[in-house]
Amino acid sequence: MRFKISPRGSMSLLSQLEINRLQQSSDEQLYRLFRNCCLAVLNAGSNTDSSEEIFEKYKDFDVNVIKCERGVQLELVNPPAEAFVDGKLIAGMQELVEAVLRDILFTGERYNAQTLDSADTHTLTHVVFDILRNAQVVQPNLDPNVIVCWGGHSINEVEYKYTKEVGYQLGLRSLNICTGCGPGAMKGPMKGATIGHAKQRIVDGRYLGFTEPGIIAAEPPNPIVNELVILPDIEKRLEAFVRCAHGIVIFPGGAGTAEELLYILGILMHPNNQRQVLPIILTGPESSRGYFEAIDDFIAETLGHEARKLYQIIIADPATVAKTMTQGAQAVKEYRRDTGDSYCFNWTLHIDEAFQRPFVPNHDNVRNLNLHRDQEPQALAADLRRAFSAIVAGNVKDDGIRAIRKHGVFEIHGERDMMKKLDVLLRAFVEQSRMKLPGSVYHPCYRVITD
Amino acid sequence: MRFKISPRGSMSLLSQLEINRLQQSSDEQLYRLFRNCCLAVLNAGSNTDSSEEIFEKYKDFDVNVIKCERGVQLELVNPPAEAFVDGKLIAGMQELVEAVLRDILFTGERYNAQTLDSADTHTLTHVVFDILRNAQVVQPNLDPNVIVCWGGHSINEVEYKYTKEVGYQLGLRSLNICTGCGPGAMKGPMKGATIGHAKQRIVDGRYLGFTEPGIIAAEPPNPIVNELVILPDIEKRLEAFVRCAHGIVIFPGGAGTAEELLYILGILMHPNNQRQVLPIILTGPESSRGYFEAIDDFIAETLGHEARKLYQIIIADPATVAKTMTQGAQAVKEYRRDTGDSYCFNWTLHIDEAFQRPFVPNHDNVRNLNLHRDQEPQALAADLRRAFSAIVAGNVKDDGIRAIRKHGVFEIHGERDMMKKLDVLLRAFVEQSRMKLPGSVYHPCYRVITD
Amino acid sequence: MRFKISPRGSMSLLSQLEINRLQQSSDEQLYRLFRNCCLAVLNAGSNTDSSEEIFEKYKDFDVNVIKCERGVQLELVNPPAEAFVDGKLIAGMQELVEAVLRDILFTGERYNAQTLDSADTHTLTHVVFDILRNAQVVQPNLDPNVIVCWGGHSINEVEYKYTKEVGYQLGLRSLNICTGCGPGAMKGPMKGATIGHAKQRIVDGRYLGFTEPGIIAAEPPNPIVNELVILPDIEKRLEAFVRCAHGIVIFPGGAGTAEELLYILGILMHPNNQRQVLPIILTGPESSRGYFEAIDDFIAETLGHEARKLYQIIIADPATVAKTMTQGAQAVKEYRRDTGDSYCFNWTLHIDEAFQRPFVPNHDNVRNLNLHRDQEPQALAADLRRAFSAIVAGNVKDDGIRAIRKHGVFEIHGERDMMKKLDVLLRAFVEQSRMKLPGSVYHPCYRVITD
Amino acid sequence: MRFKISPRGSMSLLSQLEINRLQQSSDEQLYRLFRNCCLAVLNAGSNTDSSEEIFEKYKDFDVNVIKCERGVQLELVNPPAEAFVDGKLIAGMQELVEAVLRDILFTGERYNAQTLDSADTHTLTHVVFDILRNAQVVQPNLDPNVIVCWGGHSINEVEYKYTKEVGYQLGLRSLNICTGCGPGAMKGPMKGATIGHAKQRIVDGRYLGFTEPGIIAAEPPNPIVNELVILPDIEKRLEAFVRCAHGIVIFPGGAGTAEELLYILGILMHPNNQRQVLPIILTGPESSRGYFEAIDDFIAETLGHEARKLYQIIIADPATVAKTMTQGAQAVKEYRRDTGDSYCFNWTLHIDEAFQRPFVPNHDNVRNLNLHRDQEPQALAADLRRAFSAIVAGNVKDDGIRAIRKHGVFEIHGERDMMKKLDVLLRAFVEQSRMKLPGSVYHPCYRVITD
């Protein structure tokens, strides 16, 4: 079955030169990525975190970029039937496919690996901004109301319901939701906000999904996402999150969530960010109280007590979470107005290159992380962040999984006390099924080693 | 706690004369009705079908109409806390309250009991049209896409999920939903359609709720309803349904659903409506196959086999239901264009006065129903419809419940065979908990008597 | 040539009952009025103030109201060719014709002569409001920005250019224009405002034209008018002007302009209106300085020096006129907010019945006017207003012209001094060609007689 | 007097990197250009074609680009008072200034002289497209309705009125206007279309002005222009015109108009464009009949009779011009649909590099033009086009005027017959005051020399 679509948004206005470039892109790797991402978004809403499973199921899927005078067309070959209604592609699916075309092929060509490798910190931020602007995520005349929600893709039913409840309370207060766009804690808040927005008769609610090529198949965008952006790597994705956020809510999660928390704490602890205003709340149902205590403890032990002042923990109280975020977003607005900063992109937030440069999670790099307290806490945060990033890669990202298969598990070395804490934390994640969706037995992709 | 709201839509543009009339309305009964309906909609989303419970819980609730130069204000005294977020009335709630003001006080004053009693059939239809137009439900330039969904307020989980699935498939096909606006089969299709609309990026989806003063508290509008209309009585409500419908889906239900089915069949069997185009589908999950067979049987026995041609039964196939409705709505459009009829209000549908005149469900009227086959089938349908209407009243409507308490159960007389069939059907309704929400023991409000 | 149009706005949603009433309207006089008004608006933009000329030229024009299920259609028979482009009616023309259908046939049927004769002052105001609301001229959520511009339909080139300049300056300040919708000073401000709005990128500029059946053919709406309302008579038209106005600009003019000035002064001088805020400016080019001095003088002599405080005279300074109106409209907003009055309809303005009751300008009524200073100034203003009203009728209104032909000129009796002043003023109007468009010799329709 | 403005459209979303580049732009020449263009647009609506006059009058005008976190601000120093109302910059003026910022500084930096010099034909077209896309002139989902109107900036009153009448008839038919955005025939059609659009209730009428840095001061955009684009040079401006056009109307004009006509004829005569659909009409009032006969003659003599088939001449019939354009635009739509070409940018039109490469109008280049018939007609058209281009430069462009002052008049050599024809034509232009606005004596900047 073949199906042609004509892009309708910004991708419908390309010059012949741009179309030629798109089509002649002989970069097979880029094309493969494009094909996989298309497949991933056409599976939006499916319940799996195994990209292999998806790729296996739709082996004969393909997508062709066809040039015509008027622009490009995409030809989908054997696409998943669920993406269609009575022979027509669902409008939301078409939007997602167009986002892939835009962010992978079009932007990907402009910002290729070489360009990015040689870029300085200002250029890296410019790239993040440019991608978001091109996706019309940053726009003039918007009020600060984007709440970034982080949390595991694999959470239990009680936790999931809780994320919906928080989303509902946020939506009732006209706040918008931005997540990593997969299932679990990335979907719940959006679902809840949909109802909250509906009750408040808000028809232009925003459900932003920021993802990356390496993870999009394992965490295909849920069907509520109406603004999808695919950032080139986890570092740019994280930068996009924190520069767009007017508040961050962190739900229970696994290694990815820990990575995110360490990322933002590491940044906010930088002396240049002392006056930054950015409300952060860790929240979950009563049953997750122990979980957050463990996280809180781990932060205190590793980054010190100062780090704990950067967030609040609120247990089992969605309305208070939302109320606090409303006030927080108001404070953000005032801060931005006072500093003359943009409402839609936090330019004044200082992000060290250590947090910007892509970390390649291979065995050498993991082994060489410096996990000792004899350094600035933000430097430690940067390497701890990388450790968790490696675990995520080993769990669900294609490259990581292959590396583990080939070379065995990652070895994470570090200071004795810290490693013990880390080990406890990771074990808890495994026990609580936070590493992978239930149904499969989890085989750890790492080993914690005390120096 | 007191809270003032200023109407924002059509009710914000009243003349001083109209404001005076509103305020001076010394008609205590009308005012009481207004107060009760306000309370009912402020409870939108609550899970109960007992108006008594609601009224008991909010005994000290009140609402005042306050005149000011600029228009009227409503003062809510001790309203339910759930209707508010951080001290502000939820926008959707405000819309519902304004609908009550418009339909009960403002329209109620214009079309009072005396006016209506003396009205002829054309005027009765005009009244229904005028109320819908005033509520902006009928509008120029809309395509035929309103699917009326009927079905029980008390259905089981499997059935409820099925109604959501059908709504989802309808929504994916850009169809809008109109129901009686309570829980169960009146809520499920709207919830489903919300997701379908979201996936198709439809932001102006319509969720029409047609209710009546006597039932609004027992079946408060679910929170998705974004166009609420309160018709004066069940007869006008039914006329509103069938004149606005471009297709009708009937889910499993109890006495109310049977009433609705008999109403539309009785009308369509009239010779003047032979060429009418109006797709009707009875549908439910596999488990409801028996239910529909029983209904189908009952129709055949009472109204004859011709009546069965007016509807299809589709079991466990939401996509086919929706596809059929899409084609049906297209056929309706062509029929309307050919006959020069309006797309938004079916003027060519002939409705006999027997179906328009309010039936007062008291003991005498019920006893005097003519339930014999020695008459035109549409006449029999009219009286059967009244029998079921009386049962609904006895089950959940205030007046009916009080009448039953005072005078004992209704006695439904009729032809032997038919009464037997009826008895079987009603028993099944009771057994399947279709009469009242589970949690309470159901005491029948009727007795079937064979002549 | 026959041309059918289907109404598109509010007139496209009529019930069968309403359509029947429209069509069966056997009231031949109403129908004749409808036909004439349709013809008048289809001539929008033509340059004549002789209705006879128009009616003569299009003797074979006719318009039929055709009933169909979906609503009504209008069939135009032999309409003016200028109203069409390549066989299609110009959109603006269609709007004007629909306004006539709405205000003459539909509203005319509701508010017929009998209804209006027996109405009290509150009802009369309600009628004006209801007509304006029905025409969507009064709307919620509009800022006070309607500047009513009065002035002659027959003014010279210098004056006309000046009215355009004032309109331009008003438009630059986001103010909207409301006039009597004919040529001259009723057209210039709209033309100017169009350019001002365009420069400020205002796309929803409002150009309100309030007219009456008796004068619409003599002063057909200019083509810029995008909201036309036909009020039943000059008294309701004047009430519409002053209740909608957030500021009034008076340009040079003839008897009609004098009538308007006396009307608003008579009202504002009423003790109940002492605290009213309504900026009034008399303005014109340098060459009209003498004209305004004469008017100012006449007011002082007749209504007293207090009356002069109610307006300012600004000569040859359009920017200052507009700046003053901007500030004035702001003051109006504050006053309305403080008194809780509507922004779009001045409910708190007290208008005596003397100014509301239609004055029939026949010979008896004119002769019996009390033009003496032995009464309250507002009472004198009322009768002076009527005197000018009679002259307008004798000049350009059908009924008036016929009455003059039959019974000779009107005799205006009054106190010696005042009559002298009046005579001087009227002579000046004649000399300055303010009574009729140039090209015809003006024969006065009145005689001033000293008691 | 200093006045700050914050860009509101696309220029409000710049990255820090882009802002730095903008601000640090040490390219003094670019900055000077920016300043001059700002001054020119702030004079929009003034009546002069002397840039010197404007620059002299506002010697102390300046504009600063100020960086702030949120974006850039522009500080205007001593701007023309006419651009302000009560201390606020007129919205349309702000848009024009933003267009200058966008097209001169921002785009100018991207596409600087070096980039453009080394570009191939595809890249040159891409640049034109990119500039238009960036200005949102090319957009998806627009119907073909852009009528390019060419003609002199200095035309007489009768001709001017005629251009308005044609614009009015085009506007009545929902067509939009694109011109070189100066006075005369570039303003008239826009003014007329404004009225036509208003009558048809079109609120999103487009008034496109394509200009170039070298001429913007001499022909400042008229105040109706709501989409201003500044192309880098006359060649890109001409390419923009013909690729955006769905029809071209040519009014009487001088050297510039002749240049435009030769440009489009030269292109359409290329074999590759044989199947192109692009209606071209030469039109003017009765009094311009001779003018068009002379042009027609000149074309026949130089490019041959085939060239005459590419256009129609219609005298004194605005309605027919507009009707023909309506049909032509419809044919364009069908052609584009059949060839799969874009509706908003004519990609299939082949433009030879001879028409794309900037022609520098210096004495050597003019002397070396090949004005003989021993070549392909499109090649001759290219050089004839250049000859006229040089005259325009010598008449009104800064560089040209200075070159003439320094080195004397341009010498145009060529074949005897053709030169004679040319001389006659140019003399007629001079006599008819088409070279410069009346009020100044015209000193020819050229001499025609027969080989």
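Read from first to last, the chains carry the letters A, B, C and D; within each, the first residue is number 1.
In this section, a residue touches a chain if its C-beta (ideal position, glycine included) is under 8 Å from a C-beta of that chain, and two chains touch if they have at least 3 such contacts.
Since we're looking at a predicted model, the values are computed, not measured.
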item: Third chains touching both subunit D and subunit C; value: none
item: Rounded Å distance between subunit B and subunit D, as computed from the means of their C-alpha atoms; value: 64
item: Distance from subunit B to subunit A - Cα centre to Cα centre, in angstrom; value: 45
item: CA centroid of subunit B to CA centroid of subunit C, Å; value: 48
item: Shared-contact residues (touching 2 or more other chains) in subunit C; value: none
item: Chain pairs that touch, as defined at the top of this document; value: A-B, A-D, B-C, C-D
item: Subunit B residues within the subunit A interface of the complex; value: 85-86, 90-93, 95, 172-173, 194-195, 198-204, 223-224, 226, 323, 326
item: Interface residues, subunit B side, partner subunit C - complex; value: 8-9, 12-13, 15-18, 68-71, 122-123, 125-126, 129-130, 133, 138-141, 336, 339-343, 347-348
